[in-house]
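Here the chain labels run A, B, C, D, E and F in written order, and each chain numbers its own residues starting at 1.
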Amino acid sequence: MKSPCVRDLTDGQLVATMFLVREKEIRISARSGKSWLELSLGDCTGSIPAKMWDNFESIAKTFECDDVVRIRGRVKLYNGSKELTLEQIIPASEKEYELGDFLPHTNCDIEKLWAEVHAVIAGMKNPWLQKLLTSVVDDPDIAPRLKRAPAAMTMHHAYLGGLLEHVVSLIGLAKAVSAHYPELDADLLLTGVVLHDVGKIDELRYQRGIDYSDAGRLLGHISIGAGLVREKCRAIAGFPARLEVLVEHLILSHHGSYEFGSPSLPQIPEAVALHFIDDIDSKMAGMRKTLEHASTGAPDDVWTDRNPSLRRAIIRRDQFLANGSATQPPKKG
Amino acid sequence: MKSPCVRDLTDGQLVATMFLVREKEIRISARSGKSWLELSLGDCTGSIPAKMWDNFESIAKTFECDDVVRIRGRVKLYNGSKELTLEQIIPASEKEYELGDFLPHTNCDIEKLWAEVHAVIAGMKNPWLQKLLTSVVDDPDIAPRLKRAPAAMTMHHAYLGGLLEHVVSLIGLAKAVSAHYPELDADLLLTGVVLHDVGKIDELRYQRGIDYSDAGRLLGHISIGAGLVREKCRAIAGFPARLEVLVEHLILSHHGSYEFGSPSLPQIPEAVALHFIDDIDSKMAGMRKTLEHASTGAPDDVWTDRNPSLRRAIIRRDQFLANGSATQPPKKG
Amino acid sequence: MKSPCVRDLTDGQLVATMFLVREKEIRISARSGKSWLELSLGDCTGSIPAKMWDNFESIAKTFECDDVVRIRGRVKLYNGSKELTLEQIIPASEKEYELGDFLPHTNCDIEKLWAEVHAVIAGMKNPWLQKLLTSVVDDPDIAPRLKRAPAAMTMHHAYLGGLLEHVVSLIGLAKAVSAHYPELDADLLLTGVVLHDVGKIDELRYQRGIDYSDAGRLLGHISIGAGLVREKCRAIAGFPARLEVLVEHLILSHHGSYEFGSPSLPQIPEAVALHFIDDIDSKMAGMRKTLEHASTGAPDDVWTDRNPSLRRAIIRRDQFLANGSATQPPKKG
Amino acid sequence: MKSPCVRDLTDGQLVATMFLVREKEIRISARSGKSWLELSLGDCTGSIPAKMWDNFESIAKTFECDDVVRIRGRVKLYNGSKELTLEQIIPASEKEYELGDFLPHTNCDIEKLWAEVHAVIAGMKNPWLQKLLTSVVDDPDIAPRLKRAPAAMTMHHAYLGGLLEHVVSLIGLAKAVSAHYPELDADLLLTGVVLHDVGKIDELRYQRGIDYSDAGRLLGHISIGAGLVREKCRAIAGFPARLEVLVEHLILSHHGSYEFGSPSLPQIPEAVALHFIDDIDSKMAGMRKTLEHASTGAPDDVWTDRNPSLRRAIIRRDQFLANGSATQPPKKG
Amino acid sequence: MKSPCVRDLTDGQLVATMFLVREKEIRISARSGKSWLELSLGDCTGSIPAKMWDNFESIAKTFECDDVVRIRGRVKLYNGSKELTLEQIIPASEKEYELGDFLPHTNCDIEKLWAEVHAVIAGMKNPWLQKLLTSVVDDPDIAPRLKRAPAAMTMHHAYLGGLLEHVVSLIGLAKAVSAHYPELDADLLLTGVVLHDVGKIDELRYQRGIDYSDAGRLLGHISIGAGLVREKCRAIAGFPARLEVLVEHLILSHHGSYEFGSPSLPQIPEAVALHFIDDIDSKMAGMRKTLEHASTGAPDDVWTDRNPSLRRAIIRRDQFLANGSATQPPKKG
Amino acid sequence: MKSPCVRDLTDGQLVATMFLVREKEIRISARSGKSWLELSLGDCTGSIPAKMWDNFESIAKTFECDDVVRIRGRVKLYNGSKELTLEQIIPASEKEYELGDFLPHTNCDIEKLWAEVHAVIAGMKNPWLQKLLTSVVDDPDIAPRLKRAPAAMTMHHAYLGGLLEHVVSLIGLAKAVSAHYPELDADLLLTGVVLHDVGKIDELRYQRGIDYSDAGRLLGHISIGAGLVREKCRAIAGFPARLEVLVEHLILSHHGSYEFGSPSLPQIPEAVALHFIDDIDSKMAGMRKTLEHASTGAPDDVWTDRNPSLRRAIIRRDQFLANGSATQPPKKG
């Protein structure tokens, strides 16, 4: 990890490090006519506004948004927020830095997650599903993207490695649910778990930021994923056509309803179960993020900010039990 | 179990046994003017139509719907369906029969389920929640009803003991989910599981049939249950008011949205989790029932009847894999 | 065409011909105990109930639903409806009949429609789209199904050849709309027209009846079609990846909204236009069918039956102008 | 009433009075680096921004939001809006002021409203309902809150005493409606009127501002109110259980539909009537507020601002009739 | 009133009277081949099925549905329902009967209702609105239809005179509401009350049955009524154009939302109030009808049939209080 | 066209011309206390902010919003945007300018469009519809407004002449659709096309800006238009009442559903077709505007801004095909 990182900057600190340029604009004061360079600089721990007041014109032409730059400057507090005043900006070459330092990523160990996926595949009894999954995760074109892709733009697991973290969390839930409901075919459900969001490797772009790809907006990860899986099934000699239909069905129906973008509705127990565990995991991850943000921001507040996937705030259980306003009618005696 | 039961009757069989009268009507043929007594008789294994052609007038006055009667008659096949032609009907006294023989009930052992609930309560670390649950399940007015109540009218677990079976299934899921997401307070979630549908002991009537009570239709099980729990909390000296609010919140919000009758929306992770596991368990139970019905009805059919809670048919995985019409484009070589 | 056909049967007519067995059941009179064989027989002009009263037991075992049988019997009028009383039923062998005589089909000449599709392809300026369409319509596995498939189960064009008739109607609309709005790329829109419902060749079954295939219910024609097109694009060396994305986008978005099963929403003008002309053509075809049915049924009625796609009745313009109840306030002088 | 109040401040006026601190922040000019104290000060007539430029650091630590402070300063006009420049800020002690001066409250006389509620109770013929209402309004824990609570956060009656004002307005409507429809049980309807929003005394906080309580957000006033009423009924020896069910039903169903947070739907005429008069009164009060605001703001405007409960603007009848743009086609002759 | 009427027929009674023919069909027994004439006969008190077994062929050609016929026959009980066996049917001429005897009509005195409308108009202070209403109710083409029209097909006031009864009920509510909310312009609200449904005189047909007119289905009573009122306003020299806009607005917006067919939304307080009192009156009338039906049908039942406008059953308060199943947890001590 | 126009202004340019005043405000700097006059000035090519720093007080009183003023000043670039610094502002008299120079208008030749409408009317076979249309377009009170009115406030054709341009575009579509579906009555459909939005001449105000009229907001263009057409029909001696009903039906139902403000639903094929071609034309015009805006703004961007009627962005086909991020899985070999 590069040092210092955004999260650790303090007022008055002199800083010489690299940042990713997230926003870049030249502004002019309406009154004084004076212009300056306004940037948003970031790394995997956050973002900070930065200003360069003098001699920025030629420098500004040497880099663009999403470039990494080497800067020198000093931290100031304005209205309680940290801001950088820059003296120097030099574009960095790709060899100088680790791009991973500049984008948020999972706290989990990617290789451990990856090993869990492989362990699941190794443990399967259905040879066709095993072959199918192997052909996906061992595809050298797919594997690195599967390890790197986020699971979403904003809602949950919106960071590098988020997709894999989400899949491994679902593996745990799928095992528990399969053990609970013996009518479920565990291999089929686990296949749905590993493949349900595989289209996100193409739906999103996650090289120097997280965004939709053009094809992602035009097709969506559900259709992209179903297409990829169809291709993989058909590349396996003798793969049963009806089993392929069930696997595609799991992918197509995993959003659970037309309104949420599934073009077909769950029609086997495994598809219903996959939809539910996917939904619960994304909601739990979203709440975890909201609660973590609250605990760093305002440690005593009883309510969090609005959670985007639930469209409401969450109450912080422990803070409420300690400090909340219960306003209950009094107990009798 | 009384013998014979509806499920086992065969064409031509002479029958002398007891049944519950589910429907009773005197009909007259529009053309011939001849009248007869038309009944629907049942026990816990099903229902059968029955007709009495002669001398039924005075007999018909001796019993009503929901009474148990002792009959004599013979099974006939009409249009492929079994039907009873009755010679004798005598009202049975309550001492003669076991009412449980006449209503559908869970296949599980009620006392084992009950023991699982007690084990969960015994294992709790939070003394207040433990006291609350104990005060509910040990209440001699509540316990027998909690053991007997169905979980629903029609959708899922719609039989005696269904509520308890559903609660115990949720206990299993809640333990798995709590283990998976350490941010969940397992005791709080389990408290929600045990109490979420407790209002159904009053919302439904399940003495000689399964129906809504008047109060059930006017208030709903969510409000009835929240009221019961409030009462129990306040009967425990020193029960923390804010903890009571959280427990009531779990009950009130467990349907997940206003449209499904929850007057408040899940605002703690345990409430979100409770809503999801309740939903998945009711859907899984509903599918299980649909699939079982299909396997007894038409063992080779690929599709089941319409599942009422999903509002669609389910495909039978194994039948489809064996016989379904995949109509896939042919593989290349 | 076989003779006589269902549409032309008259009261008292002695009939010896072939029909497709649509429904088959043995019924028993509840009162008399007498049983009979109840059938629904049909050909491409309609259906008629049929009964066999005597000696049907062994005959009934020689054929099943969807078989073609040779019958002898007489037409009777019961309650104003025609019904057949059968004396003889003999299974027909596949060589004896033309299956097309027994299913409803388009009134258009399939080969003429097919020539129109080829003419459109021949006239295209974009060589990639031309190659793509050629590879689809000249595929010997696809062509016969594209000529035979209906466009829907019930709503519109629900007969053999209906899909092709619908496509050719859309070709006419697409040409008019492209001429009207020069910003539209005519080749792209026409490609969408020819391919938008191609998945229906697999979504539906239309050998001896019109029904969904299992894969059709599990995947839907939109996803099936997008997959087929992807495969065809990738089989063309050098097919531009971005053009493939646009063609798939046209197929995926042509239902116009999530609620109607499109997993992505129209995001180019050609996709918006395709959605609209597809919608208008299905509504116009549905109304045409409703109006035709009304004109044969009750020629003087002002209102038709309920149109299933509009979910309302249609007023028959000319009948209304001649006979309707305007109940307008009177004109002054 | 303290003097001067916010509503009456004029440009240039020297002010020495007390205000409630609604917002408090220290700001720094990005350009000059100069910092200042930015407040929002208010009383029951409105709010005004205030700035302190010098020596505010130690003063700012002596008070918080929701405190009452004694200030000295001068009114200035900035961009047409009044603003205070402060010279002095001293925290006020609770004895120095009347909190009621600092929060908006009803224009009605609370004691008169209270007397009307008592008169209604006194006039009841049903002794059980009379006892129930008496036990609520004479409860020393409830009465002061019932007199003080607002009826809502923002929509209508969003000021101290608003709940009581709303209840008394409904009493008038309930009497008129009961007289109009003799099938209504006036006592039952009036009981519903008095109790329907009683849960708001706990759902909201209204000591130094109007906000939801934590319990209010987690449970909602409908469930809180139903619980309170249940408790009161059960404290009355012999209160008929079925009458209690009807009263709770009135409370639970008064929002009229699931979507608006009622967990049960109106199933007696009194519940339907209660829902309607509650709805009309809240809409009329909301419109009255919108119209009053318009008449003080821009006396000649034909349209008001957007009314939040109707989600549209209201046209001001008299202004429209005088000045509106009818753009009607001209009359002939 | 003609005698006997349908409501008073008893088993075995010999009947010679007139009825309106509501349905007419010739049926044939599938088994015996015997045919008969099946009718539904009615008057303003209800309907009864009737059969003629012999010599009906030529008689059946002498009358049609909606004709009045003179019959002779005997009442029989079939399956607990009354039915007529006819010996004679003779078409009646229009001079022989009072058509009003054969259609359901209001229990109120039409002339008294009419006088109330005139009294309201006479009491108006706004001369333009007074002139407008007078020009409508004194229009000899409108008055008789306004006195005769029902207010709806099925939901509420679905009988002759129902529209006027509904308007007069609204007059009472409008007066009460205007007195309660002084910001309402009583004359404007009352004008809306008298005119809001005036389009129903053309939307419905109510000569010998109650049905929609063709123009009614194509245009709807809201647009028909707005057009009629516009015409009437413009026929009054000098009628203020802006006042006309407000009156039309009341009519157009009185259904309250687009979904219920209003092309504009209430934007003055009088329009909001009109929508509410119209809604409450139709719901109250619908419930009254449902409750009356229950009290004649099954006097001890606690629940009514499903109320069509509420889409739920109503509980009968007094029956519930006497017999309902409260299933409340027992009181302590 | 006046010169220079907003679109052509360049940095540093000295400007003396006329503009329409769209916004006008006096602002004061919070810090310096200095005030200035802030305007938004515009003509038919766009808008530009303008400031006057000195001696503006008395000048500011001589004009209001929507006035045309003669100004002198200089263009400056602030933060990359053009702005005017004014030295002089003099109100212009109505004789000095052409109001059309100051509002956006169609690029089409109004008189040519007008001639197309007349040609359509001249070509009609139905004499009544021809008379009706002639009486509308030749009405000297209507014609100039029909030529000037925009078709909408913001969505599509939101400029002077937009309504006529939209109608003429629909004429083209209606001809194509009528030729395609012979069951359509071309004259009736074209009548609907010409009249469907005629109410917009009164719903909107378009003298010196585009806004709703008061009557427009209260009644809506659908009801205004239906009323106007009714009046015109009734002014034609002998106009068939039922034909009038059909024409009004076309206008009332052309939004296609209640939710979009149609008080009746399309019930003839011409009404269904009118709804569809109106919808497609407004969507196509809206997309054209969005695409044009994108091509002037950021010529290389692949995506446009959000299109307001589709509520999503449009992808620019050619830019995507050239530069988009397809992120497709690589082709095999």
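One rule holds for everything that comes next: a residue touches a chain if its C-beta (ideal position, glycine included) is under 8 Å from a C-beta of that chain, and two chains touch if they have at least 3 such contacts.
Quick caveat: nothing in here was measured; it's all calculated off a predicted structure.
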Per the touch definition, the chains contacting both chain C and chain D are A, B, E, F
Pair in C-F, D-E or D-F that repeats B-C, with over half of contact pairs matching by residue number
D-F
Interface residue overlap between copies chain B and chain E, same or different (over half shared):
different
Chain whose average C-alpha position is farthest from chain A's own
E
Please compute the C-alpha centroid of chain B, do the same for chain D, then give the distance between them in whole Å.
46
For chain A versus chain B, what separation do you get between their C-alpha means, in angstrom?
42
Specify, in ascending order, the residues of chain A that touch 2 or more different other chains.
214-215, 217-218, 231, 242, 245-246, 267, 315, 320, 324, 326, 328
Kindly provide every pair of chains that touch.
A-B, A-C, A-D, A-F, B-C, B-D, B-E, C-E, C-F, D-E, D-F, E-F
Complex contact set, residues of chain A against chain B
169, 172-173, 176-177, 179-181, 183, 185, 188, 234, 240-246, 265-270, 272-273, 276-277, 279-280, 283-284, 287-288, 291, 310, 312-315, 317, 320-321, 324, 326, 328, 331-332
Chain A touches which residues of chain C in the complex?
214-215, 217-220, 222-223, 226-227, 230-231, 242, 245-246, 248-249, 252, 258-264, 267
Along chain B, where are the residues that touch chain C in the complex?
29, 77-80, 302-303, 315, 320, 324-330
Quick one: in the complex, what on chain D touches chain A?
26-28, 30-31, 141-142, 202, 205, 213-218, 228, 231
